[in-house]
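Chains: A, B, C, D, E and F, in written order; residue numbering restarts at 1 for each.
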Amino acid sequence: MVFASKVVLAVGAHPDDIELGCGGTLYKAVQAEAQVIALYMTRGGKTTDAHVRMRESTEAMHILGVKEICFENFPDTEIPDSFAAMNCLEQYAIKYKPDIVLTHSINDTHQDHRRVGWLAMSAFRNVPKVLAFETPRVRSAAFLPNYFVDITGCVDKKWEALRCHVSQKEKRYLAYESTVNLASFRGSQVGVAAAEAFEIVKYVET
Amino acid sequence: MVFASKVVLAVGAHPDDIELGCGGTLYKAVQAEAQVIALYMTRGGKTTDAHVRMRESTEAMHILGVKEICFENFPDTEIPDSFAAMNCLEQYAIKYKPDIVLTHSINDTHQDHRRVGWLAMSAFRNVPKVLAFETPRVRSAAFLPNYFVDITGCVDKKWEALRCHVSQKEKRYLAYESTVNLASFRGSQVGVAAAEAFEIVKYVET
Amino acid sequence: MVFASKVVLAVGAHPDDIELGCGGTLYKAVQAEAQVIALYMTRGGKTTDAHVRMRESTEAMHILGVKEICFENFPDTEIPDSFAAMNCLEQYAIKYKPDIVLTHSINDTHQDHRRVGWLAMSAFRNVPKVLAFETPRVRSAAFLPNYFVDITGCVDKKWEALRCHVSQKEKRYLAYESTVNLASFRGSQVGVAAAEAFEIVKYVET
Amino acid sequence: MVFASKVVLAVGAHPDDIELGCGGTLYKAVQAEAQVIALYMTRGGKTTDAHVRMRESTEAMHILGVKEICFENFPDTEIPDSFAAMNCLEQYAIKYKPDIVLTHSINDTHQDHRRVGWLAMSAFRNVPKVLAFETPRVRSAAFLPNYFVDITGCVDKKWEALRCHVSQKEKRYLAYESTVNLASFRGSQVGVAAAEAFEIVKYVET
Amino acid sequence: MVFASKVVLAVGAHPDDIELGCGGTLYKAVQAEAQVIALYMTRGGKTTDAHVRMRESTEAMHILGVKEICFENFPDTEIPDSFAAMNCLEQYAIKYKPDIVLTHSINDTHQDHRRVGWLAMSAFRNVPKVLAFETPRVRSAAFLPNYFVDITGCVDKKWEALRCHVSQKEKRYLAYESTVNLASFRGSQVGVAAAEAFEIVKYVET
Amino acid sequence: MVFASKVVLAVGAHPDDIELGCGGTLYKAVQAEAQVIALYMTRGGKTTDAHVRMRESTEAMHILGVKEICFENFPDTEIPDSFAAMNCLEQYAIKYKPDIVLTHSINDTHQDHRRVGWLAMSAFRNVPKVLAFETPRVRSAAFLPNYFVDITGCVDKKWEALRCHVSQKEKRYLAYESTVNLASFRGSQVGVAAAEAFEIVKYVET
């Protein structure tokens, strides 16, 4: 597995974005001895208490085996397209020297998501592998998955992580069925039982 | 519903392609009093007896309520990119004057599928609405759905049709789970319980 | 007609954008008993008196039969890519529950137009049908019309609306010839006498 | 003008394709002392007498000032994607050493057009400038014009050439209005009175 | 040469961007009697003294024969997507009436570069020819060169200009080898010894 | 390295295509204990003696450490888009069960190259990783590399292989300088000394 023993940095806009986009992949990476860091750019405090959101994501990450969890404090729904935000991400690149970054697509209907996608493109320009994950808000006609990670056997674990988000539980995409449907559909596209889909931003095989 | 009382022509390369790509949509169209014609360009005789394949698709279409079912006899796996094949399709356009054509995408990994997609682009140039449906063989990074039909409540009917294909039953994409997963996933992208996804080739609203 | 008896919300950056992009379609929608709301994000006061611009668009909309006309007051030429602007649009979605939104493309050379396009993508994420209309400023190599509305018989009405914009009358795209040329050209692409062209952002057929 | 004193080779599938796609540009090139060669790959004999079609195109080209007119004899509606067809085009490249080739787009709904587009891509690989012109059959959602030639003052001449095609006169796109509409629309996209639109295949400025 | 005797405006985000993106082309334009203006939107003061950067670019431009060199003072790494920035560019359009603008691509991993690309799209909407040049930071999977300028014989001159940037000399892309590699590779794509590659934003041939 | 200990099948249209497109990658794969098979679809006999071409490629592959070298006998410059050709490729998939296929892009100006690209898309639909390599004939405006293999330290070996093609030595792209330029340029795009660029057709990480 390409993530084995590598440094993997996952960057999401809000608590739950990383779990949704690449929870299975991170779990698998952890199993393969990768060092995984999860970074949330906001604390998701717009409609729910930020402490609740942070606690939920922390629990979720623990279930996936991720131990390094960071929360920045950019304003939820208003992440700026600023040098400060870009520089914040760049500091993670400098500190952790990630081999692989997993983050948002620039083609997402959520303004925070697409901004993180653009910021990451600037901040992680020297990282060898950058992949954009799929969220419930990516634009269906503009997300072109060309990289799939086989997560067969990890779907239940992914869902275990997702159900930590009790405060968001009424959201359809956090239901067990949705988790299974997505993983099965993406798997069926490439001939495995379950997969997570990514769009390559940049990929250097060394 | 836009298909209501309209003439809808569905064109597939092989028996089961139409059912897979737009079975739910056709069922719904029939309920809405559309005149639906299903046309298969081959009889699927490459690996199974052609009579079996034809009988299975005929049963499947009957379950969906489609009464006009046509089988051309182009060679399975070798549909030619010829004037004869194009002209064959054009005769259906002349005979039925369809308002809407549902057919294959030009971005499909099956050679028969993509050829039908190109032939249809020529043959149905004067049809107001042409939509490319999704098959298990479309290229995941080149099928960009921008038109969805809500098939909530029709998924079981679609599967009832698909299971008529007893000769193909070992194929994963004909399983009940696959049918549900696909419909649920495509539905989740647009906020309905179940959907079929299409890529618009041409669409004129009159 | 798909707009018949539906709630249609048209969103433009400046007075005259809606008329230019979808005036014929709105007129036709009104004839078909749609409830049409026209929303302008600015009052166009940069180079002309805002009251004049508002009055002209109000007259134009009346000619098209549109009765609900709203003007927000974001700064002309400087519509911000802010949460406030996005939220403003979202309030219209909540209030009117539109079935169809017609708005700007994200591929437009006017900064206000493309920002409205992006804001709309976020704000109207739950609207079943979102279409981007064509303005004189869309990028010719990046506007890919795949949805056309037949406006045969409505072109003169569209022009009647456009000529209300007396303060802008020296602009070429507001001339009678331009109106006819565009409608005829777009019509010729799909085999009708006159049409307006759109790029689908999202389309769910229910 | 970039065509001035250059060798310009225009390649069309059928008599009238070149006139429609770049008649104004050729006229202008001739005025600017270019050596222009018009090559038709078929004689258009499918539905009309080939001699009539050839005579009409010859007259049309003479009106535009083009003196070298060649007709190959590939089967109308069935131009093959063969080495022979490619080689035929390559011989023109060898004989005339064109600086600029104007030909069909690979994104055209007419099978002959798109095949000529692909053949030209192979045959003219060493020509510095290759441009795809617009025909009434190009796919509206896949023709992305990024190169425009100002034909202000040449539109009437273009139409004079088009009306030589008496045998095709019932075709809408050969009407005077269509000629003017297209030229005016394409002109309006780039701020001139009239233009022809092209998609660059390859362009080297020497 | 299309640049001969024309007004050419090159716009870069930072000192060295113009030299890198189109130094050879500008040198050739100057030889062909073009009036060339180089405009830098920032003074590059983020990590080096701005006066040093300005002096280096001034020297570089003089080597290329460019005499009109302008420096705006937008903040390095934080060029705003504002009306003021757009208007600043528009004033250059009004003052110089450029025939051709050479500037950044909107698909660049550097935030300043892509913003200048977007600003230019708005500000130079009435300029007949706008080309986006290639920088070391353009996105390799989203920069689609379709316009090449033959700079055979000008590569050493380009490098002479680049090596004026003593303060940046540790950057790989400013090395002699990089300059030659890029020019040779882009040349090889179109059959000349050396070339600079551009993506057309808009091109009107008059 | 992802190729380590894997089965890698490289498919080219003509002797020298594989060496040019992925010679460095294959050499590296061999070093990492991959089982590499090189398959040429033609023997390149159009303009040179086929035995010479085969011998040259065999030598070249031996230099790269590739031991399994296969030559099919489809007609040079006329590889058919037939079921037979597709089936031929599929037999290799069945026999070798490759983990990774490296082959031509469908966007290549050489008709044989693009046909192999399409045939491969059908034949290798069940292979987890399919990558399209870069040839001197890929379309510069349609090859979008998103996957790079670091071949630092392997460029001389690649050239050693290329210079076996004595019969083709007058071709520019077989010169030492071209080999270095390409590798350096592609390397510079992703921050390594030398690289080969690929476009992902499909990629499943297991």
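The definition used in the following text is that a contact is a pair of C-beta atoms (placed from the backbone, for glycine too) under 8 Å apart; a residue touches a chain by one contact, two chains touch by 3 or more.
All values reported here derive from a predicted model rather than from experimental measurement.
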| item | value |
| --- | --- |
| Partner chains shared by chain B and chain D (touch criterion as defined above) | C, F |
| From chain D, the most remote chain by mean C-alpha position | A |
| Chain C-chain F separation of Cα centroids, rounded to whole Å | 50 |
| Centre distance in Å when chain D and chain E are each reduced to the mean of their C-alpha atoms | 34 |
| Residue list for chain D, restricted to those that touch at least two other chains | 81, 140-141, 146, 190, 200-202 |
| Contacting chain pairs - touch in the sense defined above | A-B, A-C, A-E, A-F, B-C, B-D, B-F, C-D, C-E, D-E, D-F, E-F |
| Contact set on chain B toward chain A in their complex | 136, 140-142, 144-146, 172-173, 177-178, 180-182, 184-185, 188-190, 197 |
| Chain F - residues contacting chain A, complex | 1-3, 126, 128, 146-150, 190-192, 195, 200-206 |
| Chain A partner contacts - residues on chain E that touch it in the complex | 77-78, 81, 109-111, 137, 139-141 |
| Residues of chain C defined as touching chain A within the complex | 81-83, 86, 118, 121-122, 125, 200, 202 |
